[in-house]
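Below is one structure, written out as C-alpha cells; comments come after it.
Letters A, B, C, D and E name the chains as they come in the text, with residue numbers starting at 1 for each one.
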Amino acid sequence: MCDHSKNIYKPYLATIAELRDETSDIRSLRLVFQDEEVREKFTFRAGQFAEYSAFGAGESTFCIASSPTRQGYIECCFRAVGRVTDALRSLEVGDTVGVRGPYGNSFPIEEFYGKNLVFVAGGIALPPLRTVIWNCLDLRDKFGDITIVYGARTEADLVYKHELAEWEARSDVRLVKTVDPGGNGPTWDGKVGFVPTVLEEAAPAAANTVALVCGPPIMIKFTLPVLEKLGFADDAIYTTLENRMKCGLGKCGRCNVGNVYVCKDGPVFTARQVKAMPQEF
Amino acid sequence: MTNTAQKLDTIPLVDSGYWSSVTEAIRTEAERLLSSGEVTAVIGYRAGRRSGTALPAIATSPEQARELVFSPGCVNNLALYLTKAKKDVAKKGKVAIVAKGCDLKALAGLMGESQLKREELVIIGVACAGVYGASADRSLPLSEETIARKCRECTVHAPEGVDLTAGSVPALPQLSPEEAEELARLEAMTPRERWAFWTEHFSRCVRCMACRQVCPFCYCEQCYCDRNRPQGVETSPRPAGNTAWHIVRGMHLAGRCAGCAECERACPMDIPLNLLNRKMAQELKELYGHEAGIAPKEKGPLAEYREDDDQSFIK
Amino acid sequence: MSRIGVFVCHCGENISRTVDVEKVAAAAARLSGVAYATDYKYMCSDPGQGLLKKAVAEHRLDGIVVAACSPRMHEKTFRNAAKSAGLNPFLCEMANIREHCSWVHEDREEATEKAISIVTMLVERVKKNRKLVPITVPITKRSLVIGGGIAGIQAALDIADAGHEVVLVEREPSIGGHMAQLSETFPTLDCSQCIMTPKMVDVANHPNIRLYTYSEIENVEGYIGNFQVTVRKKARSVDMDKCTGCGVCTAKCPQKKIPNSFDRDLGMRPAIYVPFPQAVPNTPVIDRANCTYFKTGKCGVCQKVCGPGAVDYEQQDELVVEPVGAIVVATGFELYDIGPKPAGSPYEGYGEFGYGTIPDVIDGLTFERLASASGPTGGKIVRPSDGKEPKQVVFIQCVGSRAREKGISYCSKICCMYTAKHTMLYHHKVHDGQAYVFFMDARTPGKNYDEFWRRSIEEEEAVYIRGMVSRLYQKGDKVVVMGSDVLVGVQVEIEADLVVLATAVQARTGADSLAQKLGISYDKYNFYSEAHAKLKPVECATAGIYLAGACQGPKDIPDTVSQASAAAAKVMTLFAKAELEREPIVAKVNERNCVACFYCKKVCPYGAVEEKEIRDRNGNLIRVVAYVNPGVCGGCGTCQATCPSKSVELDGYTDEQVIAMIDAL
Amino acid sequence: MPKMITEQNLRALIDLLVKEGSRVVGPKAAGTMTLYEPLAAGEELVLTELPRRSAKEAFFPLCETILTYAKGEEGVQVNDIDPARFPETVLVAVRPCDAAAPGILDAVFSWDYDDQFYQERRKKTAIIGLACTKADDACFCTAVGLSPAETQGSDLFLTPLSGGGFRVEAVTEKGEKLLARYSQLFGEAGSAQPLPPAEPGGEKLELARIKAWLDANFESPLWQEIADRCAGCGACAFLCPACHCFDINDEGTEAKGARRKSWDACGFAKFTNHASGHNPRDAQNKRYRNRLMHKFKYYDDKFGKHLCTGCGRCVRACPVGIDIKAVLDEINSK
Amino acid sequence: MHAEKVKHDFEPKIVAFVCTWCTYAGADLAGTSRMQYPSNVRVVKFPCTGRIDPVFILRAFQKGADGILVSGCHPGDCHYMAGNFHARRRFAAFRKLLEFVGVDLARLQFSWVSAAEGGKWVEVVTELTERIRAMGPLEEFKELELEECWSGKIDTPELQEAYKAIP
C-alpha cells in the first residue's frame, strides 16, 4: 500500500489525534495521516501490522488495532517497555509519528462469512483481535455467533475496558471476561480464572466455528489443547506471531521462524502452520 | 630444501620436539583429570582443519583428552570460556583449563573481579615458547617472522601458580619489542597525527564486536555500548560511533586488561587495539605502579586511590 | 514525560535586567515537550508559586522547569510547590539563570542565549526524570556508646536519661578512663575522683544502661537506625552475677608483684584485681598472663577463698549481638610514648629525654598518680627512683606535640594547663620545692584558664623558661636539664630531682581498626574525622555514628563533656522521629544486568554495597549480585561511573538524564 | 574474437572512468589489508590479494542513512534520500566468489518490496570480474558449486594471461557495452594462454545432501558443540559476501537526526531480543543454527539459492577457529 | 569600568561538569559576587565528581563541545569523603587515553574549585574559554559525525546532501 517506488523505509507521517491509557503502561494511539492523499488511499486488512516510528528513538512493530471498516485513521496499542515504545508513549496529541505499512498477511475474513467466531485473547494481545472483532461486528450479519473470551492478570491489566463494556452490552456478542485468581477487585463482575480454563467452561461449539487466539506464549500453549478438546480442527484455529522485526519487509533477517518470515508469511497463522514450524519463537 | 642460507628470521625458534612434549603433558594430565572424575571438562586446544591451525576444544572424556594439542596455532586465550557470557561451557562442576602465561594473567584478573574461584579450577599451565601472529603463514614453523607481536615481549613464558606445568621452557632468543616500538612511534606523533592514525583504523571498524566477544574481561551481560536507554555510544558502524566505542572500551578495560591482545588478534579489520590497552597499562603503571600480574588483586588501580595521588593535571 | 511547564523568573530585575525573560519563555514554549511556558516577576513569591500550581492543574503538566536562581536557593521551595500541586517533587528542576547567568554576564544578547540554552538542557533532563519517593528507614531506638571514659559516661547518661537504652562498652575492667586517673582538674582544682565516681556509679545503677566492661567491639554491621553490633566480652574469669566484690580474692592472691598500669606502673597489684578501689563494676578480673594458675595450672587460691564461688577459670570470651540505631564513639586517647622510637610507631621517640632509661623522668599522667590522694603514694610526691621528695622539679612542655620533625604537628591542647596545674599541686605539697617549666608558648584559651596559668607563676612561684630543652642526663641522683632561655638569651642548666614531660596526646593504638569496623574515616594521626569541621563537628560522615571526646582530637574535660552531650543530643534527635526519612538520591542495582564484579563495592565510600544472593524457589543459589543498601548509600554515584555495564544507577542523576542534557548542548 | 587488456590499460581504464565521473570501486591497499574501496586512480588497484571485506558493500553498505528528520514548528520534516542519484559505478577486479554474491542477494532485496538502495546501486554498477590463479586453504568456492574461473555474476570477466595482461570476456550486455565503449584500451587476445585457475582444496560438498540433513536436523547436538566455542561476534557475517541481515536505528535526538540501516549479525545475542526481554534465539546454539540454516536451507527454500560463495572469509576471520567448511564436511559425511 | 565588549569570530562551546557541593556552589558564589566571565560555559551538575563518567566527556565532545571542564571539591573536602579521589584517578587515566587517541588535552581542563572560590571559578572558566577560542573549533569529532563507510569519506553526493539536511 505504501508508495514504495523510491524508499521503502520511509514512513508516512501521521498525527496523534487521540490517545488513551489502557493501563498504567499500555497506551492506545489514534493516528491520522498528515498527507491527504495517503489518508484516502491507505487501506489495510485485519491482522496486518505496521512499523511505527518515534523520531529519534526508532521504529517498533505493532498490529493495526483498529478495524479496516473504520476509515480515516488507524489505531495502535502498545506497552512501554523499550526505547521506542517509551518515546511513543511520551508523545502527545498533535505530535507526529511515522507509520510504514501495512505489512504482512491478514485474517481471511471472507472465509469466515457464515461461520461462528470465537475470539480468545489474553492481556495486551487483544489489539490484534480487536481489529477483527470490530471488522466482524461492523459486518455483523455475515457471521454467526460471536464469542469473546478475554482475560488478563488483574482487572487493571485489561485493555479497551470501555469497549469490553460495549460488547458486554450488545446482545449479539457473548463476552466472557476473566482475571487470574487474585487479580479481581471488590466490584469485579467477570470470571476469575485463567483464560484456558474459562474458555473450557464457556465451551463454545466447534461446529462451523473458527477460533482466533492471541496471547502470551504460555496462554497459547494451554489454550490450544482446550480448543482441540472442544473439537476445533487445527485449520479452524488462527493466531498471530510477534517476533522482533526491523524492516517488516522480509529483508532484515530477524523475524524468521525456520524458513517462515513472520513479517511476510505472517503474522497470521493457523494452528496447523504454527505446529509445523520449528519451535523457536 | 637445498636452500641453506635460510633467512635469519625464519629459523624455527624451538624444535618440534618441544611442541610434542607439551602436547603429551597436556594430554596425560587431561586424561588423568577426566578419568579420575576430578574435573568434568578440560578446556584446551585441538587441531583445526587447516594446517597450522588450532581451535578451542572442550574435552569431556578421556578419549577427547587424547585429541588435545599444543602448537603455535594455539592462539586463543581460553579464559574466555570461563567467564559469565560463555557460562554454558563451564558446565556444572570443576573444570580444568590450559593456560599460557598471558592467559594466566587474565585468570588472575577474573579472580580479582569475583568471576572465578581458584579452588574451582585446575590450571594446566603451559611452558610457552610463543604462538603465531594473526597474519603469520602457518605453513612455516614458529620463527621470529611468524611469532605474535605480544610474544616478542613475553615475560611469562614459565607459568606460575598453576597446578601443573606442561613442558619446560626452551631457550629462547631475545626478540625486538615491536609493539613497544610502535607505541613509542605513536607517542612521538602530534595529536593530530595520532587522531588521523586512529580514525583511519576506526573508520574501518565494522562493529562485529569480535574484540569484545573474545575479551575475557568483557563479560557484562549487557554491554554499555549495546544499551539504548540512553544510547551512550552510537551503535551504527560509522566513524563517530566506532571511535566512541573503542575509547569507551579502552577505558572500561583500563586497569583490568591482562594484555592477552586477543582483541587485536580477533579484529578482522587489523585494528591495533592492543596498543590502546597497552598504553593504558603503561600509564597506570607509571601513575599508580599497577601491573597486571599472576596474583589476583583486591581492587585494581581505578577502584582504589591514595590521598597523595598525582594531580598535577588538575588546576 | 512531555507536558512540561517552564516558568521563567524575573527575580525582580535581578534576572530580567540582563536576560530577556520573555524571549526565554517564548523559546521554551517552542521546545518539544513543553506544554506551557511563562515568565513572572517573582516565581518564589506566593503568587508565583500559585501560578505554578495553577498551571500544573490547567495544563496537566508532568514536569516543571523553573528558570530562576540557583537550585541551592529554591529547589526545595519549588519542589514543595510541585508537590502541593500533586506532582512528584522530583519532576521539578531549576534552571539557574541568575547566579550562573544574569549576574555574571552583561551582554543581554549573550545572556539571553545562554539562558535559553540552560533552560533547554533542563527541559531535556526533566523529560527523563523519574518519580522518586523519599526513603524511610526504621530506627532501633537503642544506642551504643564505645568507651567508658568521661565522654562515654556523659553521652550514655544523657541518652539514658532521655529514656533510651544505651549499651556502654569499655575495654578495661572498669569504666572511668583517664579522668579517673587524674588527681585534680584545672582550672578549679576539683578532685577528679570526687566528680567522676558519682557519675560512674550512676552509670552502674541506671536502668537504661547496659554496661559491658572488659569488652571490645568485634564487628559492626548495618547502617543508621539499624546497626548490629557484636561485642566480645572477654573472659573475666569471675562470674559477675555471683561476685559480691568482697575483695578476699585480691587480698589472698599470692602473686602481688604486677605493676599496676592504672597507677602508671608505680604501684603493684595482684593477678586477680580491680584496677582501683572505686572501680565500676567492683568485680575483679584475672590477669591470665600473670596468673600462676593459668601459667602453671597450680595455685587456685582465689577460687578456694571465694565464698560465692564466683571465680571461674573455665570462663570463655562471649560474643553478644546488640541491635542499636546509633553509635557514639568515645574511645579517648593515649599518651605519646616518649621512649626510644617503638617498633611500628609512625612517630620518632624522645630517647634523648631519658624516658624509660632515667627513672626520675616521668610523664604527666604519672605525676597525676603521684599527686593523687588515692594513688600509689597516697598523694605524696616522691621520686620513683628512691622515694625521696623532689626539691627541684623540671616540667617540659610540648614533648611530641607541635614537633613536625618527630611526626606530630598538632598542639595537644591540654598540656599548658595541666603543667600549670602540676606546678601548683607540687607547690601545695612540697612547699620548699621549686618548679621550673620549659615551654614554647602558653596556650590558655578557656574560661578562667589564663587566670589559672598566671596564678601558677604569680602565686605558686613556678619559674617559666621559654625555650626547649636541648639535653638531659643523669648525674648522680640528679637529672641535669640543659636548655636555653630564649627570652633572656642564656643557657640554662638545672639539676633536677624529678623531670615531668608533658607528652603529646595521640589517638588510641588500634583506633584505625575500630574505624574500619565502623566504616568511619580518620585523619593521618588516626583521630576520627567529623563530617564537617564547623557545622557537623560531632557527626561522622557515616550516618548514625557520632563522635565524643579525644578520639576526634585532643580535648580537655569541659570540651569533652560538651561534645559528649552534643553527641547524645544528636542521637536523641534521631530517636525523636518514628522513622528516618532520606532524600531518595541513592543508587539502585539492576539485578538483571549485574555481573557481580563488585567494582561498586570496591569504590563505595559508605560501604553501602552488599553481596546479594539470588535463589530460585527451592533455595538453590542462582547467582550473586550487588545490592545497595538505601539506608547507607550517600548518593555520590561513584559506583555508577565505575560500573562497566552501568548496572547500578543513581536516582536523580541517571545516565539518561545526563546524556539528555549533553545532547541538548 | 577474444579480447585482452594489458594491466597498464586496465589501470588506464580506471583513470578514464574516474575522469568521466563514474565511481570505480576495487581492491585497494588499506594498511595491512586490501579492501574494496573507491579508487581515485588506476594505480591504486591491487590485483594480488583477495580483499578482506567482500564486495557486497558496493550495493549494501556497512551503514547507510535512509532518511533524515528534523522537528520544526510545523511538526516533523522527513528528508528522503533519493536512490536515483546514486552514482554510476564500476566494480573492478572482483573475484568470482564476490561477483556471485549480488546474483544471490537480488532475490531478497526485491522480494515484493524493492529495496531501492540496493537495487539502484545494482542497476548502476558494472562488475568486472577477475579469475583467481591462487587459493589458500580457506577457499572453498569449488565445494559450493562455483569456481575460480566462474564468470557468472560478472559483466566483464578478466582471466590473467601467462604472459601478463588479461583475457577479457563480456558476460552480459552491460559488459559488451563497456567493451565497446572503451574499445581503444582492449586488444586482440591472440595466442596468449590464460594462467591455470586456482585449485581450492577440500572435499566437494553435496549441497542437496546437506540441505536434506538440515531439513531433518533442526535439533542436533552439532549446534551445541559449535556454540560451545562460538564467541558470538559478527566477524563471519560482516565479512561474508552473502550475509545481508541489517538493523535500522535512529541516531540523534527527538529534534533532529538520521535513520540508518547498518549490517547486523544473527550471531549477536540481542539480535532477536524483544524489548520485553523474551528472546526466541536466546542461546548461541540457536543462533549458530539459524546462521547455517539460513545459508543452506531457509534461503534455498525461499529462493532456491544458498547464501555461500565459498570465499572462506569467515573461516579466516573466526577468532575461535569455527570453520564452516569443516562443519559442512561433517554434515556432508552424515 | 568594564572593557568594551569584543566580538569574536568564534565562540566556543564549553561544557562544565561540576559537583554540586563545591564547584557548583563556587559558581553560585561568583554569581552572588557579581563577577563577570564569558558566557560560553554550560554547567551540568552532578552530586560528586565521582559520578562523572568518562563517557559524558566523550559524548560532549561528539555533540559539539569545543572545550570541557571537570571540576569538583579539593581533595579531602569531598562531601562523600572519597568521590573526588576516585574521580582523580579515573580522569588521570582517561585523559591519557584521549591524548593517545589524538585529542588535544588543552581542550580538557580539570580543576578543584571549592564553594568559597568564586574567583577561581571565574579564572578557570575564563582561561579555558579564551584558550579554546584561540585554538578554534574542535574539528576532529565534528568531522567524524559526518562520515560514513568506506574509510570515512563522505562517499556520495546524496549523502552529503543528507547531512546538510540535518540542521
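What we mean here is this: a residue touches a chain if its C-beta (ideal position, glycine included) is under 8 Å from a C-beta of that chain, and two chains touch if they have at least 3 such contacts.
These numbers were taken from a predicted model, which means no experiment stands behind them.
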| item | value |
| --- | --- |
| Maximum centroid distance from chain D, chain identifier (CA atoms) | C |
| Longest centre-to-centre distance from chain A, chain (CA-based) | C |
| Comparison of A-B and A-D (more C-beta pairs in contact) | A-D |
| Chain B-chain D separation of Cα centroids, rounded to whole Å | 31 |
| Distance between chain centroids, defined by C-alpha means - chain A, chain C (Å) | 64 |
| Distance between the centres, which are taken as Cα means, of chain E and chain A, whole angstrom | 49 |
| Rounded Å distance between chain C and chain D, as computed from the means of their C-alpha atoms | 70 |
| Touching two or more other chains - residues of chain D | 30, 35, 62-63, 67, 71, 81-83, 247, 249, 252-255, 257 |
| Chain A, residues touching no fewer than two other chains | 82-83, 95 |
| Where chain C touches two or more other chains, by residue | 33, 592, 603, 642, 655, 659, 663 |
| Chain C residues touching chain D - in the complex, by the definition given at the top | 30, 32-33, 124, 592, 663-664 |
| Sites on chain D touched by chain B in the complex | 30-33, 35, 52-53, 62-63, 137-138, 227-229, 231-235, 237-239, 247, 249, 251, 260, 262-263, 265, 268, 270, 283-284, 315, 317, 319-323, 325-326, 329 |
| Chain D partner contacts - residues on chain B that touch it in the complex | 48-51, 53-58, 76, 80-81, 85-86, 88-89, 135, 200-201, 204, 206-210, 212-214, 226, 231, 234-238, 241, 262, 265-266, 268-270 |
| Residues of chain B defined as touching chain C within the complex | 84, 113-115, 219-224, 227, 229-232, 252, 298-300, 302-304 |
| Chain A contact footprint on chain C (complex, rising order) | 1-3, 33, 35, 127 |
